[in-house]
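Per-chain numbering from 1; labels A, B and C assigned in written order.
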Amino acid sequence: MKRDVTMVVLTAGIGKRFAPFRTDKTLFPFLGKKVIDYALPNKLPPEVVRLVLVVSERNLETFEAMHFPVPHTVVVQKEATGMAGALLAAKNELRKKAILVVIGDDVADDRLIDTVLQSVRPDVSGVIVGWKPKQYFPGGYLVFREGRPVGIKEKPGEGKTPSEYVYFGGQYIADADSLIAAIESAPEQVDDRYEHALTALMAKDRFVMVPYEREFVSLKYPWHVLDMTEYLLTHRLVAGRGKRVEIRNNVSIEGPVYLGNNVKIFENTKIVGPVYIGDNTIVGNNNIIRDSIIGENCVTGFNTDITRSYIGDNCWFHSNYVGDSVLEGDVSMGSGSVLANLRLDEGEIHSVVGEQKINTKKTKLGAMIARGVRIGVNASVMPGVKIGANSLIGAGILLDADIPADSFCTGKSTLVVKKNTRAVGTNNRDKYKAKI
Amino acid sequence: MKRDVTMVVLTAGIGKRFAPFRTDKTLFPFLGKKVIDYALPNKLPPEVVRLVLVVSERNLETFEAMHFPVPHTVVVQKEATGMAGALLAAKNELRKKAILVVIGDDVADDRLIDTVLQSVRPDVSGVIVGWKPKQYFPGGYLVFREGRPVGIKEKPGEGKTPSEYVYFGGQYIADADSLIAAIESAPEQVDDRYEHALTALMAKDRFVMVPYEREFVSLKYPWHVLDMTEYLLTHRLVAGRGKRVEIRNNVSIEGPVYLGNNVKIFENTKIVGPVYIGDNTIVGNNNIIRDSIIGENCVTGFNTDITRSYIGDNCWFHSNYVGDSVLEGDVSMGSGSVLANLRLDEGEIHSVVGEQKINTKKTKLGAMIARGVRIGVNASVMPGVKIGANSLIGAGILLDADIPADSFCTGKSTLVVKKNTRAVGTNNRDKYKAKI
Amino acid sequence: MKRDVTMVVLTAGIGKRFAPFRTDKTLFPFLGKKVIDYALPNKLPPEVVRLVLVVSERNLETFEAMHFPVPHTVVVQKEATGMAGALLAAKNELRKKAILVVIGDDVADDRLIDTVLQSVRPDVSGVIVGWKPKQYFPGGYLVFREGRPVGIKEKPGEGKTPSEYVYFGGQYIADADSLIAAIESAPEQVDDRYEHALTALMAKDRFVMVPYEREFVSLKYPWHVLDMTEYLLTHRLVAGRGKRVEIRNNVSIEGPVYLGNNVKIFENTKIVGPVYIGDNTIVGNNNIIRDSIIGENCVTGFNTDITRSYIGDNCWFHSNYVGDSVLEGDVSMGSGSVLANLRLDEGEIHSVVGEQKINTKKTKLGAMIARGVRIGVNASVMPGVKIGANSLIGAGILLDADIPADSFCTGKSTLVVKKNTRAVGTNNRDKYKAKI
């Protein structure tokens, strides 16, 4: 029995923890599309007859202008009140509806939402996805009784998990009004008000769980752009070439690679897929590009190495190493500047978000650089450093701290100029010239 | 009517503003010749029956030893008294002559002097060249009355120019004695004594102007070497190859390129003309060389990028970026040192000459480095910096100031050595080794 | 007449002056073997019927486990008492024997020991090798009387040498007991006790000298690893390829090169022999490797230049210049870090050993780096610097001093972060993009 479903898509998150990036998380571009395009299934299931998009004032215009195969309504969520607040904001649009709640930057297997809807039965009040992480994950673990999910326990701590399954985005709720009522009854000032409400519903109504063991990615912290890059390059990249692509002599291309319109790849460059390169980008000579997304209108210059990185539009390079880094767009790097991606002790890299020092759990992580940044020649940016928008980073410096937006950052350096009293010899040159 | 003309060539300028370079401006080598060879027409016009070279004591010997197709006399100008002083010094050689005054480092279209002489008529007392710059130029603007040039207004300021034409080198004067008399009558202590004299002549005698709309270049400031390089590469380069040129596998050569005798180009190097490379120079492997002049006996080493630059003889490189820079000769750069050529804010680059800060009007300008300089590894030289002869620049420093000759310049740096208490892991190596 | 000879091999030297390296000098690996394998002839002469190895407690186990074509006895020398002490330690094993004394890290022409033994005659009490150095060498010079060597003068000083010949390892002594007695009679507390003893023997018994004019090398100071590398690459390298070697497109290999099993050479890399590359090593793309030994399980990464260097096992590189340097093993270098190998004044490079500043007599000498060191990105290590085991060297620093083992070395640097008030232009990009 097919039942009409309203898909509620939550996109209003302000992304405070996503700094230094200011691009809306759901609108962050990947492979020529936006995150929202991957959060929603490529082809909407036939049950979905309408979309309700809960947006912020920032992204309102963009979402209003978007086209979908079914009618869509845009609702503004004014305050950062989480999923609970988002659903309350959409309350009037959801009366008497069956709904599917989707988070706009949660990306998983394209068939997962289909599977959720196919699990709907007349006696089922809700369907929830249970993800089986490989190791402890700080999320909401499902609690089971007699094989049925009956509640959620937020971040129980390692070794104290009530089950192997973490719930995540993609909940089907047969009666939206009951969910709204449960939210309204839940404690107001808590972060997990939505989970409180779900737990109340699950305790009294029949829910089923759809198990999911594959990866899912979302954009909570800025380094998650790398996870999203890896995920989408692996699962969603369509190799191919646009129009007027120019590939010079002795270019080596391995693995799945997409080259946009007017892309040029110069001599002696090696591209190891999965790699996506946007329209009008020029990859200079003697480069190596691996496992990366490069946006439109970029120029990589001579002798650059871009590895496991996300490069937005309009970035310029020249003899750089960019490893495991995210450049939001419109970033330039001077010759010889390096985004280091490995600590000397090869340990896990931490990053301060707000007041909190977070272990990224990554041993390879470079810099996260917002739009409009310029980096001087021979600068060294340490692993995990974040640079705010429109900041200038002086040449030759060691940048080992996060830099706020609109900064001009240099080092303190003092030149010592003395009279040179040493003769300069060139005796051995011919010997070395003989064997260059 | 052909009239015998004495060409007066002014070469005595001391080039104070041309520092840090000490090479005589008229003798600065380009494309295997000297500036003087481009300032004089390739083939002297038939009217020119004699040359009078006004030289300094520094370049006296060189000019005396030179060969010309017509007899030449060398006159020494002892003091830095400008064009007026130069002509006064040559006074005795010019009596009763028709003369053509040429500045030894003014380079323009090779046919311009011919055109000047072809404009000579029996009723013409002088012929002057009027150059039409594309934007305001701080030179001597011609003043016209009834269509005739009747005077020169020095640096009138933007918006206050009496005409569109700036006068420059290549004046024909039918009666040298009248010019000498006018100079002797002009105020003595002014910079523009010569222009005062010309103005006096033009006010009373009939002058005509030859208009010139193409480029001209001269060597006033050190960065003008780059303009001269661009001009001569564009207009005077003769592509070709000397003897025993060795070009290794997978070298890409585009555009007009001249390679001197015994030049070697190693593997995977790209040369994008116009480029001139002098005898016995070795271009190492994995280089890119663009729009540049490289002198004799240079070694570019591995992985060097030389772009829009002038490199004198005997320079050595190793994995450097040299952009929009001038190296007079005998300069070495350590591995990884960079001559930055773009400000972080991409603004126009200034340079202090004497006491004065000059806007070079260039947004791309690297360093200007005199003979005998050695630069350490990983040093970063900022845009527009000038380094005096025989100076040593320490490794790893940020050089953001001009350095006088014979200096030893280092940075103040302090090492902090502590006991290492961290274990160093190598856990993930195999993973990364699998995908180099 | 063939006489049975016991070869005494001295390997107990503690190598204090060999710091920062801790590998036993006689066990230092070269070209897949150890120094001891080159110090002993490839094929033992038939006269040699037994080996007595004088070892230290450190290398005891290794030597006991070794296999030789004749029986061998291992004797432990407990204290650092030089050659004299070594022979005294082996005293009981040498009674009534004819012996050949060999130093375990002296490497010379493989046929030299054969020549020594072939010079043995019934009336000869000893055979000694006389090496003819090209310039004064601070060793023991032979004193001659009536054409016969009759003594040794230690370090006589330049211009005061009693002959042209320096004695070195490989002495044949017909009666070991007489040598032992002479040692026991020689002054006890002197460095050259052994030479005293030899001189006493030579004064009374008939010795002959075998002249030797070719090179010999030994491992006294850490930079001697470079001399050994050059010597062995020149004289002992056997070019060839192991199993499963993978050579990618556009790799250039010149001169004698050995590539071990599973070696991979990536695109656009140039190898100029003599070069030895051990098993399982990956040479990345766009590299140049010249005149070097690289051990097993190394990864050179992208765009690395290794020239005239010794690289031990398990080293990782990324866009580095490694010139005239020794890396003992398990060393990693961050992108853009450079081991400088030439002083700015191109003078001879000195190194402090113990309390003493030694002139290495080399104008090209990079760093000497012990096992377990990690070097940050864009660090600049000055010529002749030594880094002790397991030390971390911070990114971006100028390292101009020796660093002890187990250190964490950074620079003092201060970031200055101001508000950026400059607009950032990108006006000229299209112009430059047109001609990349």
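The criterion applied here is as follows: contacts are C-beta pairs under 8 Å (C-beta built on N, C-alpha and C of every residue); 3 or more make two chains touch, one makes a residue touch a chain.
What you are looking at is a predicted structure, and each value in this text was computed from that prediction instead of being measured.
Because chain A and chain C share one sequence, their contact can be compared position by position; here under half of the interface residue numbers appear on both sides.
When the CA atoms of chain A are superposed on those of chain B, the rotation angle is 120 degrees to the nearest 5.
With each centre defined as the average position of its C-alpha atoms, the distance from chain A to chain C rounds to 51 Å.
Annotation for chain B: residues 250, 266, 268, 286, 303, 336, 344-346, 374, 378, 392, 396-397, 411, 422, 424, 426 touch two or more other chains.
Interface of chain A with chain C (complex): residues 250, 252, 264, 266, 268, 270, 282, 284, 286, 288, 299, 301, 303, 305, 316, 321, 323, 330, 336, 338, 340, 342, 344-346, 372, 374, 378, 380, 382, 390-392, 396-401, 403-404, 406-412, 422-428, 432, 435. Per the touch definition, chain C reaches chain A in the complex via residues 248-250, 266-268, 272, 285-286, 290-291, 302-303, 318-319, 334-336, 344-347, 363-364, 374, 376-378, 392-397, 411, 413-422, 424, 426, 429, 433, 436.
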